[in-house]
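This report refers to the structure that appears directly beneath it.
Each chain gets a letter, A, B, C and D, in the order it is written, and its residues are counted from 1.
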Amino acid sequence: MTHTATTWLRTFAAAVLAAEPDLTALDQATGDGDFGANMAGALRLVQSDLDSLPPGAADGEVIAVAARVFLDKVGGTSGPLFGLLFQELAAAAGDGLTSDALATGAAKGLAAIQRVGEAEVGDKTLVDALSPAVDALRGCPDDLASAFAAAASAAESGAESTAGIRARRGRASYVGDHAVGVSDPGAVAVGLLFRAGA
Amino acid sequence: MTHTATTWLRTFAAAVLAAEPDLTALDQATGDGDFGANMAGALRLVQSDLDSLPPGAADGEVIAVAARVFLDKVGGTSGPLFGLLFQELAAAAGDGLTSDALATGAAKGLAAIQRVGEAEVGDKTLVDALSPAVDALRGCPDDLASAFAAAASAAESGAESTAGIRARRGRASYVGDHAVGVSDPGAVAVGLLFRAGA
Amino acid sequence: MSPYFAASPDSLVDDGLAGFALAHADLVHLIPDPGYVTAAAPSPGRVVALVSGGGAGHEPLHAGFVGAGMLDAACPGRIFASPHNRQIYEASRAVAGSGGVLHVVKNYTGDKINFGIAAERLQHDGIRCARVLVDDDLATDSADIAVGRRGTGATVVVEKLLGAAADQGLDLDALVALGERVAAGSRSLAVATAAHTSPATGSPAFALPAGQLEYGVGIHGERSGSTRPLTDPASLVADMADSLVIALGLIPGDRVITVVNGLGGTTPLELYGVHHHLAAALADHGVTAQRHLVDSVVTALDMRGFSLTLTRTDDDLTALWDAPARTAAWKA
Amino acid sequence: MSPYFAASPDSLVDDGLAGFALAHADLVHLIPDPGYVTAAAPSPGRVVALVSGGGAGHEPLHAGFVGAGMLDAACPGRIFASPHNRQIYEASRAVAGSGGVLHVVKNYTGDKINFGIAAERLQHDGIRCARVLVDDDLATDSADIAVGRRGTGATVVVEKLLGAAADQGLDLDALVALGERVAAGSRSLAVATAAHTSPATGSPAFALPAGQLEYGVGIHGERSGSTRPLTDPASLVADMADSLVIALGLIPGDRVITVVNGLGGTTPLELYGVHHHLAAALADHGVTAQRHLVDSVVTALDMRGFSLTLTRTDDDLTALWDAPARTAAWKA
């Protein structure tokens, strides 16, 4: 089942690299403009670490590659938070990434992110995308692709909903009304993550 | 005859203050952009020193006010050079500014400026305006207004001629072809000086 | 290509650090992987090491304040991005004293998280670790901002005073108490007339019409909540000083350390002019500016602006300010 | 209103000087009329006083280098305008030693004229006065430029080395000889990616398209004769270094002092990155960079650019470089 996780992460990496200018622009408008570069730099590292992974590695090992990169080599706010998410997804995936594993990993990842970052839904952070995705995954059919699709749709509308919000957490909280009308880049990236598996 | 020199200098001051943005723009394009502020600052000082001059002061004393301001309170390249010119004009004017005095003072001023600044005609400096003005004043009719007018026309066409030149002296020499097509601000100011008396 | 003299945003940081270490080889050592700087000749009397760090783009903060009398190590992240926890963890391990490590952390979510993970790892290794949070920015003192005030210009003051105290052999608890007192007694406000140039896009991070002032900016080039007409600097500085004096509850006779800090693209003439106006404004309040620093020390790349910091002081703190420090950028 | 934090271009200078004198009252005294700064604690061993000056807008030059070990007095003009002769004359009278006064003059027509008039007046008063002309700018080394090379970044090197030599009690002739040797052994080159903001208009002094480099700018914000595409900094710095090495006729084994100088709007990361590239380029030539300075010391308001200066050195000059100096801005 190596193929599943590898394809997912490579698709996610490609999506982030393609979206880097947009993510930069969103973080420029709502924060400090480093989110695009931070995620792109991380995913380039993930790509090259995946290259040197032995063929036949289990899904959990594959996702653990991303977890290690994000936790140990990527800073910013987004680096460790995505790292926590990947860490839980890797643990849940084990030998094979199933829709159940995705649901469990995402839920545990969300919990870890909230423990560390203390954001609630409505604070205009990636939690606004991840939390509805976790809800959508709960009790999802046993088909990984449709689980990803359901999570992606939920995350994307969660991300869209952040545009209307005046932020209370994250860097957008500093810029007041300037961030209203602009989506949170971290939430958008969470949408890309699930969409990459769909 | 106080009236003559005072009116002349006050008219010159007003002309420079009105032209300050243009002079700044010319020095911006050919040099370092400080000429307008330098001349305007100087002429504001001249105006206020003229205010406190006793009525009935001789033309030479009046012009000496300008000489003192420019020599002792104004820096840059233009400060001392205009100061030298006013110093010679003041000496020549004595009790009354005549066309002869203007011719003598301007010629001696030009000589002093060239001794100190070492510029020749064609170097794209105020010498390109002052030198033809001195020529025009030589053997001019004994009518101060028409002497001023002749000097002004000569200075103005001298100033215009500087636009075509690639500078060898002054700050315009540093910017190469960027200064071609732009008149030298010092030469333009010499035109204003004579025009103010015409 | 951006107007920065750098092949890429990453090499802006990497080449800058390499050149910094080369230029100040007598003061610092650079460990390029994972990326931190240590003092070549740390203070001998310390039992607790001081470590700080944060996104790059704020130079000379923090690496410029590594050396005897200030920091033992600094961890620079990428531009405006917190360092990752491994940088902090390894830097802290490298310099930890018998009494542990104190982290000086500017209050940003990313910095708190990454320093927090590093602290967990250090404690796991049996290394005592504590944190002083710097949160001086008055512009973000608002019920609408759940994350609290940002850490900005006061960071240098905290690093200087804690450094001098660490030199005296203070232990971790005493340093935490001192750091918290200094941080609590510090407030800053920053304004800008032009955004920094984004290294990612090569363009200004935001557009500000001529004659407008962004009041209450941070050090990451974010805009503030409030844009207002640019007034003459004397009254602008007086307004800012009023807010700081009120926020700190200063009364006549109180003493402060002042920092007039350039955000990057501001000229020394302007900063000294601001210092001149600030001195007048404080005198109006009867507050004594006992020590001062006028310099660009906590920058936001090439942003055109400045910040004012006031830190309450007393004889003890002033003595710590006056203690010697030997780092690349300490000049007061 | 311009983006400068100043009520007017004149108050940019006046308030800046007032604040500078206030911030560094232990180091300097300001005499506002006619406008000069003297060392509060001049070097005791001197018989000859060192005086420099020039247009404002180049801060910390020159006032930032007034103090023991460097200048005895500095005369700032208005923005980019030479000081007038009375400033120089009175400053020189105020500090003149038993062996006279040495003027350190950057090679500009206005500076030469104003310092020249002051020198005449001093000699008339019976005060010995001589001049060292700094003319290091390679970009203006051209048969088309009758006025000769501009004085730029090497000015700080000349001021430092002459200051240390004056401290040893050298007389006027010896200082002139030394100054001429240092100036002759110095060349600089400067580049910019963006013009300074004109304090007169509030707009950039010239427009440079993105991705373009002005190669060979001065310190008055003039553009250069040559605009070229901006390349990566390693090859840009290598090109610049090549030209300087050739101009000075340096051969393997020769030793230099290097200055990487920011023009105002350039970040410390960039300057240190340039220093890193310069070290590599000089190593390729077999030239030893024996001492260095990386700082914004000779600026052009907020211009985005940097200059490189190389000064030939030997044991004697290096010892002068290493001698102590106590001024507001000397950091090497």
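By definition in this document, contacts are C-beta pairs under 8 Å (C-beta built on N, C-alpha and C of every residue); 3 or more make two chains touch, one makes a residue touch a chain.
What you are looking at is a predicted structure, and each value in this text was computed from that prediction instead of being measured.
> Where the contacts of chain A and chain C overlap, which chains show up?
Looking at chain C and chain A together, no chain touches each of them.
> From chain C, which chain is the farthest off, judged by mean CA positions?
That would be chain B.
> Counting only Cα atoms for the centres, state how far chain C is from chain D in Å.
That pair's centroid distance is 30 Å.
> Taking the mean of the C-alpha atoms as each chain's centre, how many Å separate chain B from chain D?
That pair's centroid distance is 31 Å.
> Just give me the whole-number Å value for how far the CA centre of chain A lies from that of chain D.
52
> Taking the mean of the CA coordinates per chain, how far is chain A from chain B in Å?
71
> So which stretches of chain A touch two or more other chains?
Not one residue in chain A touches at least two other chains.
> Among line, ring, star, complete and other, which one matches the pattern of chain touches?
line
> Would you please name all pairs of chains that touch?
So the chains that touch one another pair up as A-C, B-D, C-D.
> Okay, in this complex, where on chain C does chain A touch?
9-10, 34, 55, 77-87, 108-110, 113-114, 116-117, 139-140, 144-147, 150, 198, 200-201, 205-206, 218, 220-226
> Show which residues of chain C lie in contact with chain D when the two form their complex.
1, 3-7, 11-13, 15-20, 22-23, 56-57, 59-60, 64, 193-194, 202, 210-211, 230, 232-234, 236, 264-277, 279, 292, 294, 299, 301-302, 304, 306, 328, 331
> Give the list of chain A residues in touch with chain C in this complex.
21, 24-25, 28, 31-34, 36-38, 41, 71-81, 116-118, 123, 166, 168-171, 173-178
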